[in-house]
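The letters A, B, C and D name the chains in turn, as written, and every chain counts its residues from 1.
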Amino acid sequence: MSTIAPERAPRPDAPFVPRPAARRSVLDRVRDAFTSPKSGPVLVTAILFVAVFAIGGARYPAFLSGQVFLNLFVDNAYLIVLAVGMTFVILTGGIDLSVGAVVALSGMIAASLLQSGWSPGVVIPLILVITSVLGLLVGLMIHIFEVQPFIATLAAMFLARGLCYVISQNSISITEPTFVAFAVTRIPLGGGLSITPSVVIVLVVIAIAVWVLHYTRFGRTVYAIGGGEHSGMLMGLPVARTKVIVYVISGFCSGLAGVLFTFYTLSGYPLSAIGTELDAIAAVVIGGTLLTGGFGFVLGSVLGVLVLGIIQTIITFEGTLSSWWTRIFIGGLLLVFIILQKVLTSRRR
Amino acid sequence: MLDTAQARPPAPAAHPEPIVEMTDVSISFPGVKALDRVSFRMFPGEVHSLMGENGAGKSTIIKALTGVYGIDEGTIALNGSPVSFAGPAHAQDAGIATVYQEVNLLPNLSVAENIMLGREPRRFGSIHWKAMRARAAELLTQLRLDIDPGSLLGSHSLAVQQLIAIARAIDVDARVLVLDEPTSSLDADEVAELFRVIRTLKEDGVAILFVSHFLDQIYEITDRLTVLRNGQLVGEYLTEELLRIDLVQKMIGKELATLDDLEKRVKQTANEEDDAAVPAFVVATGLGKRGTIDPVDVTIGEGEVVGLAGLLGSGRTELARLLGGIDRADSGADVRIGGKPVRLRTPRQAISKRIAYSSENRREEGIIGDLTVRDNIILALQADRGWFRPIPKKRQEELTRSYIETLNVRPANPDALVRNLSGGNQQKVLLARWLAIAPRLLILDEPTRGIDIGAKAEIQKLVYSLAENGMSVVFISAEIEEVLRLSHRIAVMRDRHLVADIENDGLTVDELLALIADGSAVDEPDIPTVRTDDDAVAVTASHASPSQRGDGA
Amino acid sequence: GGNAGGTSDGPKALDELVVGFSQVGAESGWRTANTTDIQAAFKDAGIELKFSDAQQKQENQIKAIRSYIQQQVDIIAFSPVVESGWDAVLNEAKAAGIPVVLTDRAVDSADDSLYVSFLGSDFVEEGKKAGDWVVEEYSGSDDDVKIAQLEGTTGAAPAIDRAEGFADVIGADDKFEIVASQTGDFTRAGGKQVTEALLKSNPDIDLIYAHNDDMGLGAIEAIEAAGLTPGEDIKIVTVDAVKDGMQALADGKINFIVECSPLLGAQLVDIVKQINDGETPEKRIITEETTFTQEQAVEALPDRQY
Amino acid sequence: MLVVLVIVNVIAFPGFLSITVKDGHLFGSVIDILRNGAPTLIIAIGMTLVIATRGIDLSVGAVCAISGAVACSIILGSSTPGSIATVATAVAVAVVIALVLGVWNGFLVSVIGIQPIIATLVLMTAGRGIAMLITEGQILTVNSPPFKALGSGFALGVPVAVLIAAVIFAIAALLTRRTALGMLIEAVGINPEASRQAGVRARGLLFAVYTFCALCAAIAGLILTANQTAADANNTGLFIELDAILAVVIGGTSLAGGRYSLVGTLVGALVIQTLVTTVYTVGISPIVTMVFKAAVVTIVCLLQSPATTAAFGRWRRRLTPRVGAGVATS
């Protein structure tokens, strides 16, 4: 711990508010990076993730393989996309509970339409449109009628779930070649490693999200709303529009996630993805985004998903846990993780 | 009784046509008629000011003009054509740039973004961060503000933030620039910088609305005044044609005389006080915090008013926060009150020792917006008693009533949500909260920020009579005259350490300004202090302990 | 498959054998009994069993199977959360040369080379058995029979099939009418709440058909609370035959239970051994399941272990 | 806000009532609604206070399961399951354990400073595991009249569960409104920093509300368990946190913390339960149930929304001038 040497000699030229940069040592800057509300949690999460991965590798044979890591992406592709959409919403201080149900709905729509012979070229865009529109409705409900996001999206969740049943109570499997292709195709990366096309899509989504949030006016407005909606409004920012669009984005991402999920399971099932919204939210928050909005990064959320994923993986590798110990174990790992994260990011007083 | 009938003064020769023309505008909120058929106009190349007591309706006019509030009746015209803005964004597009009362910026974003947001320079469709920072830095230097544009806004003091807000407004090349109490926590230097900028804009034919409760500033910069009282128009005047006395009279509808002798009384008491030897009340040795305040020895006598003077960012607030237990001091744990050692690690502990700190940032750290005036006033007292010993309703009532009266809070409704009060009235409520715990040491950081002259005098009188009854006061204000008028002793801070401590007898503004400006005193080990009696040792910059010095350099 | 698990090179010693088993979850007493029985059976047989609980999520189950493939287990067994959507992951298993056994629930995949064998119950058949009893029970009279159905979790395979099988049978005679059919989510609380409401809206119900014992037990509570006697004023038919259910049956509060046995352990072990010895077990092994009347329940109850 | 709620209530309830009247079972159904709604209401009361402090408690469902499991296993373990004493101890132990869990949540949130949703997510996940650990995944059926009475018994013609809920509601109301607790909680929820500077001890308050919430959850859990005379570690209180939060929010308390309304929560809880019961009595097909729920929730919200009331007001105002105009022209 280094201290800041009091700068005694007055600098005649400089005004009375010296630049902090001028009075910071390297150590301080590192500490700042970790303790700053912006970057801190993400960095720590990254480090902890690596640590967990290493420990797992030490504990189980065949764990420390590249494929295990890649499978985190393969298996959680849809969840990553959800988390990305959720990040937008949470950054504005909102929340979206409908995502899980919307995933299921997209699956049902895809399965039923494909079953009745529609072409994927039509189905997929259609799904994305439908879910985006659903998001739009939610957004308008939140903005115009000032309904709290929690309820508005909960209603959307009921609706989506309900529509699933309306479409069909049975699970519908998908045999349509394109989808099957997406499901089974493996893109080799050499060394026996491989990923699915979904992973590629996910990476693209992440890239776009990062760009939007950090290099577009819209993206910065999202942060602004999280920092203070009223202030943002008084600063003349398009608060209303942005707030609505954020839910459209979340809706779109849910739709896309639904499609990826369908690639993954090759079926539509009304009961699928129950409780996934919690996973998504958890991932985002673990990734260092504040639920109150304003602080957080997409990459953080991605890390969050990977963390949840690796906890799952460890469980299956452990393989000896009864149903209840499984749950206790997950809770425990989660706890250890967030406490470490908290301790490492907390400011020294 | 309102002389609205009075003929308006002539339009300026250069620009005979008003750019903004509000006619018979009315706005009412549940329970309040905030504006009652008020007319108001602005001319290009003129600095116009809205004058009025707290709650008179100044901010409301501004919010009506910029579309924050819809208007119930009346018309708004821009360049002769009627307009009605859906919101600030709309108004901005129409060329009206506004700095609203209270800082409305985003603490989670960088200074640069707060200045440029919505107008970011872009390259290939994506924000050009480098250019943005550069532009921001330019604007900051224009206001002689040397801070890192990349730093988080939240890390800056209120004054710094206020300047940033101004920087944002002047960056838009607007035809109308609206500044609602932009100088409330700026000191002379920044105000001077601001005025320099305003004058240049004025040259370019920009119409500027400048709201302030500082008459000196008004008379220095404005050409035209519109006076409001209780949401009604009193009249429009040319500044040079209106004597201060008349202005005040028109604002508060009272003769200035009353105020006048009041200030005399305050001055007298001030002089009497000085001779009496004051027993030391608070003694803190080596009080300091890494990175903010270098260790200092502070002594405050009973019934003594110590003024903290210094420039923006000089560390007054932070020293005050240490004394108030808001921030935890990492050196100088040894604080004695009335001889007994106490720990000031949390506000709670401080309050239990009857030490009250009233924050300069009333919106973030002061008022609880969604609670009523009553709850806000009793909050600290109640918190100190503990939740299971509620203050009896009757007691609550009298407390609230009495403070609403003494501080003249408008509307005088204990059940009004504080959020809906005007800026100045919120400040009064905050003050009431601290007075309610009958503090023995009252630390006031910019307590008169945004408060009208009438109320300001009231507050000063109040503080003074309390001091006479033995309450110690630490007083911070950007208005240097105020500090001089109120304090027995003045401690001067510069660049986060103490540079001087002077007995205030007949100290003049210029002398003090000189002391604030030149920090040469820093290097000398012992600080010149006029004070002689021992039991109230002067404030001195103690030598930092090795641990404070050694590493890090 | 490059990294083929060791089935090709002759039978392994049982203690070298590793079986991965992915369970649906632990959503009901039935399920837990199923899990414990299987774990016990493998313990006795001295075969290592890697167990994972998918918490009713298909995605978790797919992840689990993937990781079993990663860990190169010798045989994978799992009870699908849902029938559809297994082709991709099962193909991976096939590619890795790991044989797959389905327990309790089937998969609807067109290519049945993806799994070696299915071991479990036929839910439609269970529904039929229930229906048969009802038809039998009311064969005497011609007046209408008002039936209320307590469905399992909407969309769950057993719920759909048991409804279907039941409907098939009673559909034959139009004196039977299902006047109300609500989901009780396979839980007692659900069964009770639904029944409470049903008794208000259709007080003249003759019989309740519950998709599992728990909902039936809930119904009993509701009926008694309404001052009626379950088993007489309103007859109750359920599926599962867990201990509590059998008890109620023996006490005459339930009239008939169709068994759906969770005790698949022994049979699963046999299948595993067969595979290990290079034999090919039957494609579809339906667990032999009886039905219980009240009399049979009284006898069966003492040696009922779950 | 409350005014609006009362309006909503008035608008909503006759509708529901008329439905049940149509089925000719007004009385019975209303009692059922109250009794089955009691657990949700009880939890919602605790949740209201948590939410008022800007928090949220996802673990209530798990706590329900745990308390139920604990109670039942104790009763089963005892030689005299029927005796009041046994039941009393069982209940006591369950409650104590719940208090511990509440303190745990409070600790994570206030001392360690973890975001409430995640802090309580830990217990939400692990809690069910613990409950199942206690019951070993089995459904523990108990045969104990006094225990059963908790859930489905009647006292003075009123369901015991309803009485318990009423008592808890009263306690919460008195505790927070007769003392300064409510005001301090709201202060912390509205502006934590300002409250801190005013000397409010947020830490203690947070401990208090999370513990109280867990307590409520435990009691609700006991009622749920008693109601089915069996501990079902898996399903007891599953998703009840959603219902509780929904009740609070429909009740007009903002998830952003601050001002809260217990009466609103009461109304919210009733609306939800009425909705469920209606679905059953009217016999809405399970397939469309969800859609129906969505519709009702949406309508309730829109009715509450300021925009609507404003529109309503404008409409009213427009009426009056028109009358005036009419007079003028005639």
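Simple rule for what comes next: a contact is a pair of C-beta atoms (placed from the backbone, for glycine too) under 8 Å apart; a residue touches a chain by one contact, two chains touch by 3 or more.
Everything quoted here is computed from the prediction, not taken from an experiment.
Participant: Count the C-beta pairs in contact for A-C and for B-D, then report the pair with the higher count.
Facilitator: Result of the comparison of A-C and B-D: A-C.
Participant: Suppose each chain is reduced to the average of its Cα coordinates; what separation in Å results between chain A and chain C?
Facilitator: Using C-alpha averages as centres, the distance is 36 Å.
Participant: Between chain B and chain D, tell me the centre distance in angstrom, where each centre is the average of that chain's C-alpha atoms.
Facilitator: That pair's centroid distance is 45 Å.
Participant: What whole-number Å value describes the gap between the mean CA coordinates of chain B and chain C?
Facilitator: 72
Participant: With centres defined as the mean C-alpha position, give me the chain A-chain D separation in Å.
Facilitator: Centres of chain A and chain D (C-alpha means) sit 29 Å apart.
Participant: Which chain A residues touch at least two other chains?
Facilitator: Expected reply: 165, 169, 322-324, 326-327.
Participant: Could you list the positions in chain D whose residues touch two or more of the other chains?
Facilitator: Each of 132, 136-137, 286-287, 289 in chain D touches at least two other chains.
Participant: Residues of chain C that contact two or more other chains, please.
Facilitator: Within chain C, residues 26, 32, 35, 154 contact more than one other chain.
Participant: Can you name every chain pair that touches?
Facilitator: All chain pairs meeting the touch criterion are A-B, A-C, A-D, B-D, C-D.
Participant: So in the complex, the part of chain B that touches chain D is made up of which residues?
Facilitator: Going by the criterion above, the answer is residues 324, 326, 346-348, 350-352, 357, 359, 364-371, 375, 379-380, 382-385, 387-391, 433.
Participant: Can you list the residues on chain D that touch chain B in the complex?
Facilitator: 178-181, 183-184, 186-187, 190-191, 193-201, 205, 258-259
Participant: Please give the residue numbers of chain C that touch chain A in the complex, ascending.
Facilitator: Touch list, chain C to chain A: 2-3, 20, 23, 25-26, 32, 35, 50-53, 55-60, 62-64, 66-68, 70-72, 82-88, 91, 108-110, 153-157, 160.
Participant: What does chain A use to touch chain D in their complex?
Facilitator: Per the stated touch rule, the residues are 93, 95, 141, 144-148, 150-152, 154-159, 161-163, 165-166, 169, 278, 281-282, 285-286, 290-292, 322-332, 334-335, 338-339, 342, 346.
Participant: Can you name the residues of chain C that touch chain D in the complex?
Facilitator: Touching chain D: residues 26-29, 31-33, 35-36, 151, 154, 180-183, 185-189, 192-194, 196-198, 200-201, 214, 217-218, 221, 225, 242, 244 of chain C.
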